[in-house]
Each structure stands twice: as structure tokens, then as C-alpha cells.
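Right, one structure below, let's go through it.
Per-chain residue numbering starts at 1, and chain names A, B and C are given in the order in which the chains are listed.
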Amino acid sequence: MRILKAIVAHPTGRIGAAIIAIYLLLAVCGYFGFTPHDPLQQFRVDRLKPPSSSYLMGTDLFGRDTASRLMAGIGQSFIIAFASVGLATLLGTIIGLLAGWWGGLLDGVFMRSMDMLLAFPAILLALLIIAIVGPGTATSVVAIAAVYTPIFARVVRGPVLTLKRRDFVDAARTFGSSQGYILSRHMLLNLVAPLTVQVTLALAWALLTEAGLSFLGLGTQPPAPSLGLMMSEARNLMQQAPWLLAFPGLTIMLGILGFNLFGDALRDILDPRSQGRSS
Amino acid sequence: MNKKISRTALAGMAAALLASASLALPAQAANLRLAWAQDATGLDPHAQTAFSSLRLLELIYEPLVRHDSALDVVPAVAESWEFSDDGQTLTFKIDPNAKFSDGAQVTSEDVKASFERLLDEATGAAARSNFLSIASIDAPDPATVVFNLSQPDAPLLVAMASINAAVVPAKAVTEGTVATTALGSGPFVLDSWEPNSREQLSVNAHWAGGDIAYDGITISVLPDETAILASLRAGQTDFALINDPLVATLVPNEPNLQLNAVPGLAYNVLQLNPSRAPMDKLQVRQAISCAVDRQDVLDTALVGEGKVTGPLTMPAYASDPSTLFCYEQDIEKAKALMAEAGVDGFSVKVIAATGEPPVASAEAQVLQSQLAEIGIKLEIELMELNVYVDRWLAGDFDMAVAQNGGRADPYPMYNRYFTKAGNLVKVSNFTDDEIDSLLQQGRVETDIAKRKEIFAQFEARLTELAPWVWLSTSNTYTAQLKTLSGFEPSATGTLFSLTKVTLGQ
Amino acid sequence: MPYLARRLLTFPLILIGVSLLVFFSIRMIPGDAITAMLGTESGLLTPVQRQALAEYFGIDQPVLVQYGRWLSGVMQGDLGLSVTHGRPVLTIILERFPLTLELALLSMVIALGIGVPAGVLAATQSERPSDVTVRIIAMLGQSTPGFVVGLVIIYVLSVYFGFVPTMGSFVPIWVDPLANLAQLIFPAITLGFAFAASVTRISRASMLDVLSDDYVRTARAKGVPKLSVVWHHALPNALIPVVTLSGVEFGYLLGGAVIVEQIFALPGLGRLTLEAIGQRDYALVQGCVLFIAFNFLIVNLLVDLAYAALDPRIRLGAR
């Protein structure tokens, strides 16, 4: 609550929060079917119609309503972004915690594996995973998570290394607290701030990555709408139907902008010393 | 900064860059600048089957005969040919002017060595299956070659009009250099090849086909067709192959560009798998055929570029589509057929390859929406081309959206899928005694009128049994600068008539 | 320097891990070099023909045998032969690398050339209109997918200026510097756009940070002019995080920019790898990924060393 208030007070954080809130609302409406038209219904007599009162943002090659598809598409892109970042956070935190806490061989093995994933070109890593498993929502989630897990592992391991030498951890140990208790209670609490910031920024990156994968035809499968897919379907129609490129493009940009603004504001609030330090 | 100024400044900069770029080229020979999105995958004319490989190799090698733009068989390395009366011997006379690009004469020994290589299983040539009727080859004198056949084979000549039956030097066969060094008797010589980047061809001075009005061809591989269009528009490419109808329809909007569109022989098809329930029921397959509005698929997914077609796409044999079973969408009939089959809606998965053809995903989406009207729920599985090919060859699909290659003759086009001994029966999962017998009759019949009759029956029966739902042909596109003249597009997609082009200016 | 030695010792380990990962995962994808070359026509092959082709492509042996063979080749500096190009993998990679390297360098020059001054300007004008403008543009830059920027650039160039950069083949700088620049400047702008945005943001943040440090305030109090304080006292320290960021980003760019190379038809490393995957040219995929990973590791090591050299407060190995 305190943080929410601070964000509302923050000049750009407010804008970011507003954008995310509006997107979430649109996504929920899209998910529950409160859209102007059915996003999958093909009004094939009304193909490639420019924006009008019946189709607010025009129609695509199949005569589907762009505005409705955008609403559903935001949901789809958000689900992939949230799920992949969630998965990456979970795996990254576990790996970073264990590596930092136990050190030694485990640390070596875990962190070298993470280095390995980092050294692997990101889009090729995602591409290989997708080619093996076959494209789809779940695969996109796994592929994007694989790219971001090492980053979270690093973000977590650093503070754990410092924290474990701190007095309060020693104190907890002398009082006989179990390792599990110390890890979950002391470590995780102290990791919340850096993680939250990283999560918000990673969401922005995940949205970009999803758009890129869809652009290469590897993301969400048609006819399900996703922002990246809509753009890749529209690129060869750029001249006949510019609205098909413009609206999804703007929607992606604004969405990512929202998360970037929100993340920056969070960083200012939670960690005022290191403004923009970590990238 | 003032908007106008900045724009002029940018234009100036672009012009300066452009000028420097063009000045940079040495004052060199006249080259035709060609662009395509997919590059050749190899140089072995017998083994390569990819569209772009064939297009490249057709400029370097020559078969005994080739198709002209009306799909008639005309001389290439051979100047004349003759079937014996029993149809079991085919004799060619070789053009005395035919020479390989190193100046060596093309002899009957080269032809014999080429076909023996093609038939040798170690070569790994998929096209071998079209030449299995060849029992032996004789070379009585350097200018005569005789093919002895194990049975009459009317479509053999058409099969020979493919670059997969190219004549290569006998020397290259014995030395094993066919796959690595391109040395043919065609109009051009391959000077260099950087896969997926560029090729440089120069005119073969020894070519028997006459003079070419320019000195060579530079091929650039531009993987994005939007970029190909941009490059044409900026006058940096003279001639280009276009696959995506969406891009092709933009070409005529450009004042300096011309689009050449020809209905191709390949067909777009929804392949059903009759070995899987409920598609094993004839009425269900027929219901699907009736529920599909082919014109609508064509208009939407291919933006109207192409023609509704039955199984046969070559003009000499194709039937009028309106005479075929359920070629007008008939939802009531479809529903009745479903009821007759006792099937009340079902879910199936349809596989399609990403970008191959570019319209595959769009076709699947329109079909999905059309079949939903009779309670069939399609789930689309889009996959990378190689993954798709693997599943397709294994027959591992409920339905498949495909674009299958065509031939100038119906027999080699369909024997692989629908004869009992066909290599791809496990893809079609469908055989029928009458279909099989019609194809066999068509193979041995040499009288054109009778063949037409046989294949008309074949086409009518095939669409009625509906193992597949044939949709439409696609156009084969090339785009060119208007200053270029003399190109004659062909349904086979060959670029051979680039030899007749003049660059203009 | 034990830290450096330790870092260098882990390199082979990481590279072997990467090679194992790519070697086995690429073989797990359905389809092989035969289906890639012949497509659906490969269904016409007889078993004997198929075997002959598998031998030709070197995929007839068990996978472990293939890996052992490949690894022993790599140890001797031989990355194997590409089946699609018919030439040594290393030769092909080294042909494609200059383009990727130059593109990465050019994007970095653009990013630093725009990002640092913009960031410094924004920091010194903190919360004034020019700061807000810079920040908004930088935010948008970070939020725009690269393919959108690239497509728009090509469209505008070809429609309004009748010009497109040379596509398909690479004009090396030593052959023709001007044509080389004409070819690479627009892809570099496409890549540099987002890159410049991050540089701007980080320069601004770090400059603000440094400007509030004691020594800077002291210098100001002593009457040193503001501009001189900014450029001479504050900037060198403020640049430390910029160096790190651009180093890491540069490391990524050396891996090739798949989408931009695709849009501008540039024969760089990213497209080479992508196409090798599509053609199931296993040796080429393995070689490319290994080469990219190696570069990435080296660049990151250099960044860490530079970071330590620039900032005496950082002790190597503490990170």
C-alpha cells in the first residue's frame, strides 16, 4: 500500500501505473468477451476496411475486427509476459539463492550453467526450444523464461552473498533457526526490492521478445490474436492497410512504455541510491 | 529544424550516398540484377528439388528437351526424338552445336552417363522414381542415344523436360564433381556462389541457343519480400521472384514496375487423412468438400490471386471446375451428408508450414471458419517447414494444408500419391481400384485424345471420393523494371526466357 | 592475477556446455539435412538412396560418435565442413564476421554519440522541458521493437528517396568505404535506436548521481564553471556504468542481429545461424553458436576488467 501510494505520487510512475491499469482492464474485458465484436469472427465481406464507426480500428485480411483482436491480444501477450517472467523469477530466485547460500561446487555448477545460457544467443535459444517442442503459448513462455532466468539468478545471488555475512543472519543462526527459515524469512524479504524492480523491467523486455518471436512466426499460433503476430501478419499489408500495423504497433509500444515507467518509478522509490545503475 | 529543410537535406544525403554507391562499381559489363528470397540449396541438378535450386540450375544446365511457355515439349540438347511403334524405345538425336561451357561437345556418352547417374541409388536423386521404366541406354554413335524401356511410358518425355534430367559431362560423373562444380551446356556459367547471399553468372560463350543481349546475371538473396519490393522500387534490382501474393499485388502500384503473373501448376489443397476417423467415412469427406467455399478461400487468403482448380492444373487436361463434385459451396448438402454418416461435429488438427507457401496460415484460418459452420472444429498447428515435411511424409496428421508441385502431365503428378505402388501412398493414405487403373491406363496410352478422356474420368472420380479437397492454383510471380523487355513467364516457373531479355536504357 | 586465471579457466567449461546444448538440441528438432534439401520430394527416396545421402551429410553415425568426432576436430581448430556451403565452417564464419562486427561497432558509435550527450544534457537540465523531452524519446526508443523501426526506415527510404541500402551481399569497408557506409548506416541506426535510448537513460541517471557527490559540489563551490565541472570532473566517473552497459550490449550484438539482418538482407552471423538451423546444417549451427558464445565471453571479461580499471572502488571477484 505504501509503495502504491508512492507510485501514485511519482510523476512518471503515475502514468506507467495508469497505462498498466488500462491495459489490464482491456485484457480482462477481452478475456471475458466484452469486445465490440468476436475477435475470431471473420466478416469476410468487410475485408481490409479502414477504421469506421462499426470497426473502430478497421478490419484485417479476414474481416476480423482489429480493436477486438487488440483487446484479446493484449491479454494473450500479457499472459505470456507474466507467465514467462514469473517462471524466470521463480527459477532464477531458487538458483540464485541456493548458489549464493551454499557456495562452493553448487555455486560453481549453477552459475556456470547460467553463464552458458547467457552466452547462448538469446533469440537462437528461444528458437531452438520452439523448434523442438513446437510453437504455442506454453512453449513461448518456456523459451522466454529460459532467456531471462540467468539474469534473475544473478540479481539474486549478489545480495545473498552480501546478506549471508551480515550480523542478523549470524544471529538467527546462533539462535538455532533452520536454514529454510533463514532463507525464506531473512533473505527473501531483503530480496523483494531488487526483484520487484527487475520483474517490472523484465516484463517490458518479455513483451518485446514475444513480439520478436511472433514476428519470426514462432510465437502464438493463429487464429489466436497476439500483438506480435498481428504485426507480422500486417507487414506485407503495410501499404493497403496501414492501420493494421499502426494500432498493434502503438499498443505494443505503449504497453512496454507503461512497464518501463512503472519499473523506473519503483526503482526510485525502493532503491533511491542506485538510480538507473543496474541495467 | 524546419521540416522541409531536413527532408531536402536527407534527400541530398541519400542521393550522395546513392551516387557514391553507383560510382563505386567499376565501369563494368552489363549485368542483369536479379533478386529472390530463397536461395538454391545445392548444385547437383539430378538431386536438387527446391524451387529456387531448379530456377538457378535451369540457367546453367540443359536437359534433352524442355517445356516452352505453352508447356509443349521442345528441343534442348536433343534436336529431335522419336518413340518406336510399340512405345518401348525412345531415340534422341543430339544437337551438333550443343557444347558444355568448357567447349567440349555434348555426346551420347554424356547423356548415357547422366541418366545412369540419375538412376544410381547412391546419387540420392528423388526424381529417379520418374525414370524407372528405363531398362537400358545405348549410345550407337556420338549423336544418337537410345532409351530401351521396360514398358510403354507416355509421360517419360515430360519427365525428361525437367532439369532433374540434365545432361552433365560424363567426365564429371566419373570424377564425382557433379555436386560441387556446376559445368553444363546451358546459357550461363556459374562464376561464384555464396549461399544465402549472392550468385554471379556470366554468359556461356559456347551455348548453342544463340546470343544473349547482356553479359551476366547477379543474383542477390533478399530474405524479406518487402525488401525485394523496396529494392525494385529504388531501381537497384532489375528482376525478382515474388512468392507472397500480398507483396505481388503491390507491384502494379509502382509506376516503374511490371508484374508478370502466370497461374502455376502447383495446387493448394486441404489434404484429409482417410485413415483417421471420421475422415475414413466417404460422406464426411464429401461433407467437408461441400462445406468449403473455394472461391472464398482464394479471395481471402490469396487476395484473389489464382484460380479455383480440380486435381489437374495443366490447361491441356484440366476440367472445368464447375463440373466437379460440390465445387459450389452447399452447406445444406454438407449437413445432410454429415447426418447420413452419423457424425455430429468433431474436432481435428490441421497442420501447415510457416511461410511455405506464404498463404498457408491464412488458408487454414479461412477453412477453420468455413468448416465451423458444419460443426467441424479445426485446430491449426503451424510449424517450421522441415518439421512439417517430417510429419507430412509420415502421414502423421488429421488434415494438412499443403501446396503440392504440379507437372505438365497428370501421371507423374499423381502416381506417387494415388497408385497402389506410389511412393507417397502413406501420405495420401488412400487407394481406390478405379483410380489406380485409370492412372495405369493413362500412363501407357499414347493417343492424346484418349488420354484426356481417361484423366477427365480420373479427376471426376477423385474429387467425388474427396480424399483431399483441392482448392486453387497460385500464381507464379516475377516482377521487373519496365525498362526490361522480352521476358516470357511460364507456368513451370522457369526463368529460362531471361536469355531473350534486353536490359533497355 | 588469480581472478583472471579463474575466469579464463571456466571458459572451456562454459563453451563445452554450450556445444553440448547446441549439438543435441539441434538434433532433437524433427527433420534433417535430407528433408531440408529435398522437402516433400524426400519421400520418393528409396532406403538405399536415403542411406547414401545420410552418409554424404555425415548423419549416419550414432550421435555420440558424431559429437566425439566433432569435438576432436574443434580441439585442432577444425569446426567441420558445412554441407550446404560445401566449405569449412570457420571460413564461412570469418567471412560473415566483419559485417557483424562493423554493424555492432557502428551501432555502438551511434548509441554513444547520441546517448551520452543527450543523457548529460538531461541530467544538467534535470526536470526542465529539455530533460523531459529527452527522457520521453529515450523511453519510446526503448519501447519500440527493432523490426518496426527497420521496416519504417526501408519504406521511407525507398518510397520517398528512391534509395535502398545495398542488399544481399556485403561491401567491405576496405573495398569501398562510402558504399560500405551507405549499406550499413541504416541497419546501424535501426539497432542504435534502442541502444541509444538505454545509453541516454543510464548516462542521465549516473550523471545525476555523480553531480550530487561531494567532490563535484566542492568543485562547484570553489567557483569552477558549471560546464567544466560537468565535462571534466563529473563525466569521467559518470561514464563507468555507460561502459558496462555498452560493453554488454556490444557482446550481444556480436552474436548477430537476426531480425535486422533479415529485414535489410545482410549476410551477417545472425542470419547465417538462422538459415543453418533451417537447412539443418548441423556443423554450421554448432560452429556459429560456439563462435558467438566465445565472443560473448571475451567481451564480458573485457568489460569487467575495464570496469575494475575505471572504478578503483570495485574489487574484481566481488561481483
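One rule holds in what follows: a contact is a pair of C-beta atoms (placed from the backbone, for glycine too) under 8 Å apart; a residue touches a chain by one contact, two chains touch by 3 or more.
The model shown is predicted, which means the values in this text are computed figures rather than measured ones.
Most remote from subunit B, judged by the distance between CA-atom centroids, is A.
Chain pairs A-C and A-B differ in how many C-beta pairs they share in contact, with the greater number at A-C. Averaging Cα coordinates per chain places subunit B and subunit C 38 Å apart. The geometric centre of subunit A is 22 Å away from that of subunit C, both derived from CA atoms. Subunit A and subunit B, compared by their mean Cα positions, are separated by 43 Å. Shared interface positions of subunit B, i.e. residues touching 2 or more other chains, are given as 226, 384, 387. Multi-chain contact residues of subunit A, defined as those touching 2 or more other chains: 131, 235, 238.
The set of subunit C residues that touch two or more partner chains comprises 29, 151, 155.
Against subunit C, in their complex, subunit A makes its touches with residues 12, 112-113, 115-116, 118-124, 127-129, 131-132, 158, 204, 208, 211-212, 215-216, 228, 231, 235, 238, 245, 249, 252-254, 256-257, 260-261, 275-277, 279. Within the complex formed with subunit B, the subunit A residues making contact are 40-42, 44, 47, 61-63, 131, 134-135, 217-218, 221-223, 235-240. Every residue of subunit B that touches subunit A in the complex is listed here, in rising order: 225-226, 244, 246-247, 249-250, 253, 296, 299-301, 303, 354-355, 361-362, 364-366, 368-369, 380-384, 387. Remark: subunit C residues 10, 13-15, 17-18, 21-22, 25-26, 28-29, 135, 139-140, 142-148, 151, 155, 198, 201-202, 204-206, 208-209, 241, 244-245, 248, 252, 255-256, 258-259, 270, 273-274, 277, 289, 292-293, 296-297, 319 touch subunit A in the complex. Subunit C contributes residues 29-32, 34-46, 48-50, 52-53, 56, 84-86, 95, 151, 154-155, 157-164, 166-171, 176, 178-179, 181-183, 185, 262-265, 267, 271-272, 275, 278-280 to its touches with subunit B in the complex.
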